[in-house]
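Letters A, B, C and D mark the chains in the order given here, with residues in each chain numbered from 1 onward.
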């Protein structure tokens, strides 16, 4: 069961336990506001618009994973994710925003918030300067943290105000993606570093990348709570 | 009409006319052997196996184009190509080889020929060290040259021995991809360099990249004609 | 005379004029505190430690410029900068910090502040995803802004508390580097885009990169003024 | 003693022993012609001109090692190598060629031979797509193979026709570089993979990269022996 955070593979479970900001991320006031419906609509829409910009660069980072993969199955797993992000998840944002009166042009023209930019550039640079593993470790907190949040909120929500959002990330499709990404990471580690990968300094370095990206997720929620901090 | 080489956009037409080896590539003895059916089967299968390895790295290069794109439509165009290469074109190779008694494991284990490696690494490095335009200029000769070859052979073939291969590249699907890639290149140039892009030194540099990749295609056909030159 | 901001070449002069935050950067309260000596020592040392971490990643970005250069003179200019950063400028930080009782190990172990990280990863990612010009445009505000600040403070300082720092950036060596980098940028633009480069959409894109890096410089000074915002 | 190939560190000694083409590279007919003075002058000058082009791209690859390094000492080691290549080794080529009547402009205008290009693009792409270790494994055969060749020829030469060349690579400066690079590789492996790095699949992957670059060195000597194969 993913809400325990142990359902997405061995490596992620270890990295998650070692990331100081994991709870600050997955139990952030923004998340609790989604759970009990108290999150102001303006904050949610501000978040969605920034997340739309985020997903563009996050898709670029997953595309870099295709380039950096070693095997065809690794390439195919990363390609499926790019496809899902560009054609499904970004479309969902367009649809929700449209229902709120924000049209696609406005959404596409959203100025990128500094905290948003800091996150995706960190991930992309980790991937360019490191290898496939560095990139996956930096990508993982977003993908799998949302899976954990979705699964928990589906069980604990006291309001259905944000039921659509919760349902997306708690749903079978998204949970399946999370398990696939967890398996991709475990497989990639074993393929390169052998079965005892968790004992190597390299694993601690990857854990630090995961922890850093987790911290940047906290900043993303902070930004979501402060619509007025957006650039003009 | 693409067999004249002028059907895939303005930039490619100019680059094609300036590439010294364009005819050596598109009218290579290997190509003429496909046209009149005299190409030995062993050469064709050797080529297919190398092309399978090629397509893996070529897909990685198209994935790099997603990373290096500036706009969502550019990203989507590159994503569609990666998807087509990994899920359709590579599958076609697997199917043809299977019919010839070469199973998927054997195909996947094909040792990469030096001329094959030289080509894809040139393209990838051009993309990494340059920008989106450098990458597209290096990717273009393969995509669009095959379109031109397919269209010509469909009109001029005197044998149907290699009719399936010819039909693939002469077909509406592939010709549509060629037109899309040509339009992507023209659009990317205008977006960055303005309408008079062809007058800039940058355009001549891109033309040199296109010409270099064209020369590497000649080497690929040469390799195809010499099955015994393959590494053990 | 560089304090007018027109002494470092044509392109930089245009980009500087178009960057909304240029004055916010070069006339920041931190800078004014260096000028009149009112900057608290703790803030200065906090800044120096973060700048030491910054220079490591900034050197990596200049090394990427060597990789992305087209000509030997471009490579040599970038190499000289890497050499100067690693062997001269970082050494200066070690020396000043040592005099303040911060030893080299402590300095090297400085935790990277989020605003610091955001800046260097933006520059590196611009370089990886773009080409040599994108990288230079993102590198320029730091190099040339410090030159402009140094030259102005040398003329306007009302205290010699921070005279060493001012003297470093106002000095002939550093001003020479600034002129060289300005000439490198003008030459690289002309080499690729021709003499009318400033009329092209590409130039506006590069100007946007310069403006973005300038904004990130403002955040760096903000961080310098808030020693307590540093991670533990 | 380096002529036994065991003087440049633990990892390189293992990779060298596992590279099928190591002797084909270090005892190539070109090398034996340097040893006994029978190498035709035209072949030597053809080689030098191609090597000049090679060193430009090889310097770019070492600069990429600065970008991909994790620690300051790793960055400094790579920077020293870039500096040495650009300012010392390339200058040596200019000098020898000048003595043979080939001026610097002619040298700089040397068309890049396909086998030359294949090698450097392989190395650069290995570095971009992999991490610091992948890059070092691809860089090592050139640096350390020349050290081994120089040391052996200094002991075994029967002619002083190519004594300058031999002396360069047998000399203390170059042998010191080889030991430094060997130590850099061993240190980088231990830093990332721990003391038992040689037991990991990753080490076998790096060994394969080393072997591939070794094979590309054989092609480089082949090219040197065939001046007429140069592009017009």
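The rule we apply is simple: a residue touches a chain if its C-beta (ideal position, glycine included) is under 8 Å from a C-beta of that chain, and two chains touch if they have at least 3 such contacts.
Please read these numbers as outputs of a predicted model, since none were measured by experiment.
Chemist: What chain lies farthest away from subunit B once each centre is taken as the mean of the Cα atoms?
Modeler: C
Chemist: Taking all residue numbers at the subunit A to subunit B contact, is the shared part over half or under half, that is, same or different?
Modeler: Because over half of the interface numbers appear in both copies, subunit B and subunit A meet with the same residues.
Chemist: Hey, how far is the Cα centre of subunit B from the one of subunit C, in Å?
Modeler: Subunit B and subunit C have C-alpha centres separated by 43 Å.
Chemist: Can you give the whole-Å distance between the Cα centres of subunit A and subunit B?
Modeler: Spacing between the chain centres: roughly 35 Å.
Chemist: Distance-wise, how many Å sit between the C-alpha centres of subunit B and subunit D, to the nearest whole number?
Modeler: Measuring from centre to centre gives 32 Å for this pair.
Chemist: Enumerate the residues of subunit D that touch no fewer than two other chains.
Modeler: 60, 67, 124, 128-129
Chemist: Would you pull the subunit D residues touching subunit C in the complex into a rising list?
Modeler: Touch residues, subunit D against subunit C: 56, 59-61, 63-64, 66-67, 69, 72, 75-76, 78-79, 82-83, 86, 108, 124.
Chemist: Where on subunit A does subunit D make contact in their complex?
Modeler: Residue positions touching the partner: 67-68, 70, 128-131, 134, 191-194, 199-202, 205.
Chemist: So in the complex, the part of subunit B that touches subunit D is made up of which residues?
Modeler: Subunit B residues touching subunit D: 60, 114, 117-118, 121-122, 124-125, 128-129, 215-216, 219.
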